[in-house]
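Dropping a structure here in structure tokens format, bear with me for questions.
Read from first to last, the chains carry the letters A, B, C and D; within each, the first residue is number 1.
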Amino acid sequence: GCTNPGTSEQPAGAGGNSGGDGQVVKESSGEGCTMQDYGAEKLDLSEAVVGFSQSEPDTAAFRAAETKSIREAAKETGVKKLLVTNANNELPKQIADIQNMLNQGADFLIVAPVNSDGLDPALAAAKQKGVPVLTIDRKVTNTHCDDYLAFLGSDFYEQGKRAADALNESTGGEAKVAILLGSSGNNVTEDRNAGFKDQVKAQYPGLEIVAEQTANFARDEGQAVAEQLLQSNPDITAIYAHNDEMALGAVTAVQAAGKQPGEDIKIVSIDGTRNAVQAIVDGQINAVIESNPRFGPLAFETAEKFYAGEAIPENVIISDDEYNRDNAEANLGNAF
Amino acid sequence: MRTPAETPPKRRTRPRRIDADWIRRNGVYVALVLLLAINVVFTDNFVSEGTLRLQLIQVVPVLIVAIGMALVIGTEGIDLSVGAVMAIAAALIPLYIGYGTLVAVLVAVLAGAISGLLAGTLVGRVGVQPIIATLGIMVAGRGLANLFGGEIKSIRDPGIVELGSGSVLGIPYVVLIAAAVAAGAWFLVRRSTYGRRLVAIGGNKRAAELAGLPVRRVLVTTYVLCGLLAALAGVLLAARSQASDPTKLGLLMELSAITAVVLGGTPLSGGQVRIAGTVAGALLLQLITATLIFHDIPDSTAQIAQAVIVVAAVYVQLGRKKARR
Amino acid sequence: MLETEGVTKSFGGVHALRGVDFSLAQGEIHALVGENGAGKSTLIKVLTGVYRPDEGTIRFDGREVSFHRPADAQRAGISTIYQEVNLVPLLSVARNIFLGREPRTRLGLVDVAAMNRRAAELVGSLGIDIDVTADLGTLGLGIQQMVALARAVSVDSRVVIMDEPTSSLEAKEVATLFDVARTLAARGVGLVFVSHRLDELWQLCDRVTVLRDGRRVHSGSMAELDRLGLIAHMLGREVAEVAREGATEFGDTHRRDQEPVLTAHGLQVRNRLHGVDLAVRPGEVLGLGGLLGSGRSETVKAVYGALPVRSGSVHVGGRPVRPNSVPHALRAGVALLSEDRKAEGIIADLSVRDNIALAVLPRFSRGGLVAEKRIDALVETFVRRLRIKAASPQQKVRELSGGNQQKVLIARWLCTEPKVFLLDEPTRGIDVGAKAEVQALIDELAEQGLAVVLISSEMDELVEGADRVVVLRDGAVSGELSEDRKTSAALLAALAGAAAEEEGGDE
Amino acid sequence: MTTALESPRPRGRSGASGRARLARLAQRQGALVILALVVLVATFTFDSFGTAGNLENIALQASFLAVVALGMTFVIMSGGIDLSVGSVFALGGVLAAWGAGHGTWVALLLPLGVCGLIGLVQGLVIARGGLPPFIVTLAGLLFARGLLLLISDEGATTYKVPPGSAFRELAQGSFLGIGYPVWIVAVAFAAGGLVLHRTSYGSTVLAIGGQEDAADLMGLAVLRTKVIAYTASGMLAGFGGLLMASYTSSGVTILGVGTELEVIAAVVLGGTLLTGGAGTVLGSLVGVLLLQVIRNVINQIGSLDSNWQAVISGTILLVVVTLQRWLATVQRE
């Protein structure tokens, strides 16, 4: 999840539980990349300055969990120093942030890109200094093993497909669906939408998409747009939201319209924030596809492997869970 | 003194017919009615109590903020901080809800007043240009809201929830509050000395100073009022969504509010405040949004359509001005 | 050369011009006169493309023309000084003079040095000593009028139109302006000249056109008309009815046996005033004389708290007034009618009514709410008393003629029932009838015990209107003409002396 | 009454005293004073601030905004405002990146043409139609963003500048170790300064901003001047986007959100009155640099919470404008 403002009554990973449910690699693909291929020099992480460039404000649960996980893993690994910057969703700022960290002597960079394209100047600067860049949660379109080391993250398209599966399951295959889109121009929005629609087209002829409107990943916009959609299409029976926040907004909207969320109108979303999983427990949301933000351990593990001489595959796709009526209560602790 | 041999004052004939001039003066209402009519004819499911009621509920935050903004614009100012102030107010609610609903709401609204006081002082006393003073507050304010608001929080306090979704005699509280705010502002502008002073200052600040008006006090008061109203809007929005999201709440509200004010016929050059027009302007904006959603227009086309409609609506009421020559 | 035929123009319900025929010949100086609101400025604006006439035709050089905007008229060779100074305050004097036709270097860029030099020459030749690189807005209104003149004459025009160019000018500058006008006329330029200072018309003009209520009521040779005849045309009354004594409406001296109600001591304003002392007794009219830029306006503004003073004190009725605070001065009973009504006086988009009531709002409101009825009554009284010509009290002040705007401002201050009234050019731009009334009003108010400080660039007004004249030079008091020494000649001498000394100091 | 007092003789003056000039400079260029101060303090406080690499980074990163600010300066000086620049900036970038696939000239001319056209239309609506610039350009903001989404598949497609395209050189190349964009900005601002202070066009812009009705009565070409200002602003915003596309080798669709406010802040910080009529081109450059330096300094502080960064930059902005006001009044005393 990229623009995934999340919700949590408590800080993510509360109770010193650094990992939550730690990430599990689902599949790796692409060619391997070794130190020699990349042209990097051997480095002892405990002597290294590691830089982390976060893309969005930490007020989003997803981002908070991600940053926290990186910080904790850095401590665990025992790196000399961790620099953390936040680009506030601005590409130029992220470029400046990365260049700044390079200036301040970063030896290894973990980057959560603001955008898949356009980081070229920053990546070029890192390459010039021989600093490896590991991208997490969003893949950049540059050249693997030349501009960046590897990509760790979820498959957003797959998440969309799984959301379609979940929606099919909870509606019994017949529904008029409204989609709450994330912000325009964001590749997460595109992937989660394409995955969902492709899957519906291929598998579930009973699911009819009657409206798709952007609600910018925000709860209040999700609510406002859902309210309008419920008026304009009174026969809507299901809502698919690109993130949990909009789904939670939709819950309020459905209630305001005098209907029962999760019953009269099925709701499926993506992320796995604590509030959303709680809403499943409360019967208001039907299913949530997880998008795991806890990249810390895997990221540092990858770095260690890399410096140990192992080849790192281009794509390290993590496996995301799914929360539904059957497992939500039990797995509530895993939500972030 | 000589007894004046005067010509009896000619009463200006007020045209009752609907002509270009009438449309100009009532442009926003015309546009509003027009868009409503178009929807009634062309939009499925539009004519229902629920839909109309929904528009009234959803317009509340913009409306309240726009009224504060109209006052500020009347002084030839502008307030870009309103969105951030909304976020601050909303962020305070969960923090103080432990002390009771009323305390939380009061603290939130008070924070808006303080922010307005800062803006008013910078503009009225220090003499900073309004746009830059309130821009600084907007940037810092959003940061502050994020800082002490932290992650998005759900609000479950029954008082707040009732405020956001309850109603009396079928009319939602939020709509009642907005109506009260509008009526109060209308009264203030039309009947109070403060209102007279405000437009005088906006019309010619130097002349107002020389006429002994308390220019600074009026300016400060105006920004405080605007801050208060923005905070109130933030509280109502949070109450309605039963959550407070410091990062996104009220984002770009300043632009919507200014648009509503200008659509309503208040010139940005100050010296005039039109409250009824502002209300209609906000409703028009809301209706545009609803129309685009009802027809499931994709984002790109929606933005272009919005641009065209807004310009057309302003043109209806201002475009003929030049023809006077 | 420039003619109109049957020009009609109305604004909403107001008929500003009704079928006006007007013609200007080459090389003549043509006076355009009429009461406030007669339509003079409107006619000029129609002539120069600011307004389009509703009906009628305009001919220039025998050909019918239709100017869409002022630029068109200028391109055709008509240059105009509009009634309210229409220059750009934030630009330098030199820029203002050459805006739109700056001297260029070979590269096509503005030759700033040449521009400043030529501007300095130009204003210098008009007898004005100013820094042409200074922002125009820092200069007094009189100087601004001279800059406007400089701009108007710096282009080669076939017609020059001047709408009340002398309203803020001192005798010396008026003389300069006349010289310029005569030189232009001798070169074959046609001039239109508007002024409410009727004497000037006979000194300068060849022909005259009189407007009344938007109609042309007379047109003919200036010399064939005498003062009474002219006024009779303007007012539309019989000559006998108009006949009166004296050039001004001021009565005799006033009682001034009491302690001064206003004393100002050692007023200092940076670069402007250097220790000015004043004292005015109740019922006294104190005149302030001086050359352009001598600091008269500054003095009254400093007294009123509208200009930050470095030192000095002001007492009203024996009690000190907090310096630099207009509200305190107002509360103490001081009122200032400032000279620049456009920038510092009217609030153009508010109604006549709201403009009049502006300064008395606190007195006419209860619990923060405006007492509309009482204000209506008050406004009614003043509109009648000052003969303010407006369609209704709700009309925007912007739409009033210049003289009527001035009356609105006088009304605003009279409402406050001041003890001390500072009048900076109170009769600026108002017509004979109204001027007489304002003068009579000042007299009447003084009679009732009001202390008046009167600034006027019209010598007669000062000499006849004031009981005593204080002469300023370079921001300091340079002399005083007491009751018995107060004659035009003496005042002239005092001013001239001041000027001469200044000259000497310059060398 | 007009007994000639004396024959007029030239007395005009054409120069202010040196001290008055200095005072005026400090008053108008308060931002410059503050910029110098901040740079000085930062150099001594942070080791990595004063390094050539860092300073060059600041200059390079400021150059994109600076280009946009140049156009905005003229618009604001003419008494208007242009809120569309952020979206137009993004649109320019997307068009350039798309165009780069069809040749370098397309990459250069297409964004300039389209963005200039958007500016032109806005200018016409504002000048001819008499609509408020705020609303018209706000609509322009929506329009340009909508257009961007339309040509990029609702933002899904990001066009890349093909590797090896000469277009990349524009912002990635350098001369004497300093990136081309910095040189471009230097030249553009020098030209802008000349236009403002040394052409009739410039004076007309200031005159319109200072007193539009007076400018009209003085016979100046009010309409044309405004239309040109908005067109130039559109083109320059597009040019800024084009540079950014060259710099990032792609047409990023999420750029430019809120950029308009940043640019306006820079221009106003630089001493231009938002009510129009006064200001300098150099001031806007100083304003942009000031914002960029502040951002850089905040970054130097290290891992400061991004929210603190916002609070601090907002506060600094307020402190700077307050200081500026204070400088102005002190000078006048």
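As a convention for this text, a contact is a pair of C-beta atoms (placed from the backbone, for glycine too) under 8 Å apart; a residue touches a chain by one contact, two chains touch by 3 or more.
What you see is a predicted model, and the numbers here were worked out from it, not measured in a lab.
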{"item": "Identity of the chain that, by mean CA position, is farthest from subunit C", "value": "A"}
{"item": "Approximate Å spacing (C-alpha centroids) for the pair subunit A, subunit D", "value": "36"}
{"item": "Whole-Å separation of chain centres (CA-atom averages), subunit A against subunit C", "value": "72"}
{"item": "Centroid spacing, where centroids are CA-atom means, of subunit B and subunit C in whole angstrom", "value": "42"}
{"item": "Centre-of-Cα separation between subunit D and subunit B, whole angstrom", "value": "29"}
{"item": "Contacts with two or more other chains, residues of subunit C listed in rising order", "value": "50"}
{"item": "Multi-partner residues of subunit B (at least 2 other chains)", "value": "146, 298-300"}
{"item": "Touching two or more other chains - residues of subunit D", "value": "148-149, 154, 273, 305, 307, 309-310"}
{"item": "Contact pairs between chains, per stated definition", "value": "A-B, A-D, B-C, B-D, C-D"}
{"item": "Subunit C contact footprint on subunit B (complex, rising order)", "value": "1-2, 4-7, 9-13, 191-194, 196-197, 199-200, 203-204, 206-214, 271-272, 325"}
{"item": "Residue ranges of subunit A touching subunit D (in the complex, touch as defined)", "value": "54, 57-59, 82-86, 88-93, 95-97, 99-100, 103-104, 114-121, 141, 184-187, 189-190"}
{"item": "In the complex with subunit A, residue positions of subunit D that touch it", "value": "48, 51, 53-54, 57, 61, 64, 148-149, 152, 154-156, 158, 160, 172, 244, 247-255, 257, 295-296, 299-300, 302-303, 305-307, 309-310"}
{"item": "Partner subunit D, residues of subunit B touching it in the complex", "value": "80, 122, 126-133, 135-144, 146-147, 255, 258-259, 262-263, 267-268, 298-308, 310-311, 314-315, 318-319, 321-322"}
{"item": "Partner subunit C, residues of subunit D touching it in the complex", "value": "1-6, 8-16, 194, 197-200, 202-204, 206-207, 210-211, 213-221, 273, 277-278, 333"}
